[in-house]
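What follows is a single structure, and I will ask about it in a moment.
Think of it as A, B, C, D, E, F, G, H, I, J, K and L in the order they're written, each chain with its own count starting at 1.
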Amino acid sequence: MAESVYKKIELTGTSTSSIEEAVQNALRRAAETIHNLRWFEVVETRGDIQDGNVGRWQVTIKVGFTLDEQAMDKPAN
Amino acid sequence: MAESVYKKIELTGTSTSSIEEAVQNALRRAAETIHNLRWFEVVETRGDIQDGNVGRWQVTIKVGFTLDEQAMDKPAN
Amino acid sequence: MAESVYKKIELTGTSTSSIEEAVQNALRRAAETIHNLRWFEVVETRGDIQDGNVGRWQVTIKVGFTLDEQAMDKPAN
Amino acid sequence: MAESVYKKIELTGTSTSSIEEAVQNALRRAAETIHNLRWFEVVETRGDIQDGNVGRWQVTIKVGFTLDEQAMDKPAN
Amino acid sequence: MAESVYKKIELTGTSTSSIEEAVQNALRRAAETIHNLRWFEVVETRGDIQDGNVGRWQVTIKVGFTLDEQAMDKPAN
Amino acid sequence: MAESVYKKIELTGTSTSSIEEAVQNALRRAAETIHNLRWFEVVETRGDIQDGNVGRWQVTIKVGFTLDEQAMDKPAN
Amino acid sequence: MAESVYKKIELTGTSTSSIEEAVQNALRRAAETIHNLRWFEVVETRGDIQDGNVGRWQVTIKVGFTLDEQAMDKPAN
Amino acid sequence: MAESVYKKIELTGTSTSSIEEAVQNALRRAAETIHNLRWFEVVETRGDIQDGNVGRWQVTIKVGFTLDEQAMDKPAN
Amino acid sequence: MAESVYKKIELTGTSTSSIEEAVQNALRRAAETIHNLRWFEVVETRGDIQDGNVGRWQVTIKVGFTLDEQAMDKPAN
Amino acid sequence: MAESVYKKIELTGTSTSSIEEAVQNALRRAAETIHNLRWFEVVETRGDIQDGNVGRWQVTIKVGFTLDEQAMDKPAN
Amino acid sequence: MAESVYKKIELTGTSTSSIEEAVQNALRRAAETIHNLRWFEVVETRGDIQDGNVGRWQVTIKVGFTLDEQAMDKPAN
Amino acid sequence: MAESVYKKIELTGTSTSSIEEAVQNALRRAAETIHNLRWFEVVETRGDIQDGNVGRWQVTIKVGFTLDEQAMDKPAN
């Protein structure tokens, strides 16, 4: 009962600078509406190419967060 | 800051006709409430069997869409 | 049209007792706000360690449920 | 005791027309001698090439069926 | 010549109680008609959901057994 | 010496109609300059989305072909 | 209709000498009762150890064969 | 500098009773000589078969622990 | 007909500085002779070690590019 | 700049004798036109069957080689 | 006999700054007690989250090193 | 209590002759200091290339052995 349940969602952050910043951008966006973000796992790293150079890094992560009382009380599918 | 963040959700569409229609059915359902659908990736293809024939194709896809301003302003877990 | 569409979400349930209870805890939490839960798939089993013993089992599952009329009519991303 | 046990076998169906028909051909062949076919999962899609065009689609599926009373009473290895 | 050959088949056992019992149910069923069962490997753990609780655990295993003299002398495909 | 060597290349074909046509389009393009195409393997199926519908199917395949005498006599890396 | 259907079974051959002989031993055993063996795929290579040396190579293969008329007319599950 | 480094080792615990106990047995053995055990991940579940029943559960886990000062000061390869 | 076909090649870029630069080095090399580079996917990250430090990052990517008219008119296998 | 870039291609070598010879045959063929071959990785081992025996071993490898100055100066797709 | 044998161990390095530094921290720690470190392979990238930002990067690598004479002369399990 | 615990380590054996000998070389090296070696699993087969021929086979295996009383009583990380 007191045992936590977590949810993991999958986000793709982008950045023209680095893999780290792409992850950070995804986290920052998630943190605007989700509290209790706990951990992330990188699942894919790719990017597009502009004129023979990396255009945008596109890093897909899974983000885990604690489900608290109010977290699923909307039909959140 | 102006760098997009995408979310990927996982849906299973079904169809009695074809794999393509099962994917299309999942997309159509998602498009009812989510704008900015961008791409999909097929992750599993299976089905049930009726009288020795394919009953329903069940195709699981990941669907990616752009997170815009209002997209996560509800506790949408 | 009458062909169902399902959504799969990823949850991590925890338990100090067993793998089965960790899964059950995740399902019970999901069932508070989501109707039509249909099936689950175990995708990862891990845990933390307390004094050389299993502390909490952490079992990640995908949970599939039917998307009905009202299920995605909120920007639930 | 009353809890079902299923067996899964692996078949490769072929078709000159489509992936769906290749699966259907495999199921039809299985249904000649196995009752209680329940579901299938696509595990590989490939094909041979004739004159630069797809010759035959070769789709490998796992097919699950219920093991009933008489189903394994022969040394069917 | 005296070197053994083994066959592996894939079964899905079910149980309303536990993962272990689902495996045991599959083994018991296999043992009715196959001798020389040697080992198993869990390849998938899933289940259906009834009223927000685990309905039946569905555990897929590969089961290995020794092929002895009479074991394949029927067209056992 | 008389034992064949094959090369496999990876192509992504696209189609607005179907998975099969996307594969066929990739093969047709390859056949313009490569003789001895032998087989293909589907490795990824995805697509983009236009107005909530499948825009283009993007199917990635590996294509195998026989390396004959003249096939690698240019620094074709 | 005239389009072939194949079945794949999984065997583990053993040998004290080499990987190749382990595969060959599995095939020879299968050929005693199954006609129309067509191809194999190595899926696992392992072995046991005797006195710090390889004892027996244990090589698991999938073996594909053509299902002809009589091949599945016994409850061969 | 103050940033921790962890090591992961791979153990197979066994039990005649349950998956959970097999994991617990592996942890207990590790805890005899390694301090700072932190987490584990289940990577394989298998077992041997005795008279058509599960003989011993064999559960392979990775175990992570903190490398402290003295932890690697022996040639512990 | 007007539907694009892409080719993906696999390159390993190296850098003594960072993962990002290793990718960039591979792209820059590819861009010398291939036009229409479109996207990349990181498939492996490794490196060698010099005196207990990272020597060179070795990052393997798949690079996708559009096949235009002249792109495959040489036996470029 | 002085940091090397490698390309990896995928070849399937065949041999009636052994896995090793199949790999060797693929390398020998590649070496006819590509200099600077550096390493290989076995990615698939399979074969066809003739009269219940291994017909030809078919071993797919990735071969890595250094891209030097002239190596990509032809539209080598 | 003169043919080298390598051992691979699995470490998780952490860093608040970057993926590269997390790897470097793991290597530096390993180098304190192990000589002959040769190469590493990144197998997992994840991290924890503090206030909606990346807290610590946690990068798991396999590290390969040469086993020389004295390297395994302790019960190094 | 009387239930065994095993440890698995990862080694890369090399040989200029064959895959089998590379495995054997790794086992022989391990047997110098570890008793109770029980089984191995091949996890990767690769090699370097000398003058267009296989230079050294590099075969990575996991080796399992029984942890007995004295086996982990040194800080063997």
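Note that in this section a contact is a pair of C-beta atoms (placed from the backbone, for glycine too) under 8 Å apart; a residue touches a chain by one contact, two chains touch by 3 or more.
Keep in mind that what you see is a predicted model, and the values were worked out from it rather than measured.
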Problem - Set of chains whose contacts include both subunit G and subunit B - result: D
Exercise for the section: List every chain that touches both subunit C and subunit J. Expected result: none
Problem - Listed chain pair B-C, J-L or H-K that repeats interface C-H [over half of contact pairs the same by residue number] - result: J-L
Practice task
Let me have the rounded angstrom distance from the C-alpha centre of subunit A over to the C-alpha centre of subunit H, please.
Solution key: 30
Problem - Between subunit J and subunit H, distance of the C-alpha-averaged centres to the nearest whole Å - result: 39
Practice task
Specify, in ascending order, the residues of subunit C that touch 2 or more different other chains.
Solution key: 7, 9-10, 18-19, 30, 67, 72-74, 76
Handout entry: All pairs of touching chains, each written as two labels joined by a dash
Key = A-B, A-C, A-I, A-K, B-C, B-D, B-F, C-E, C-H, D-E, D-F, D-G, E-G, E-H, F-I, F-J, G-J, G-L, H-K, H-L, I-J, I-K, J-L, K-L
Fill in the blank from the handout: Interface with subunit I, subunit J side, in the complex: residues 3-10, 62, 64, 67, 72-77
Practice task
Using the touch rule from the top, collect the residues of subunit G that touch subunit E in their complex.
Solution key: 7, 9-16, 22, 25-26, 29-30, 32-34, 56, 60, 65, 67, 70-74, 76
Practice task
State the interface residues of subunit I toward subunit A in the complex, per the touch definition above.
Solution key: 18-20, 23-24, 27-28, 30-31, 37-42, 63
Handout entry: Contacting residues of subunit A [partner subunit I, same complex]
Key = 18-19, 44-49, 51-54, 57
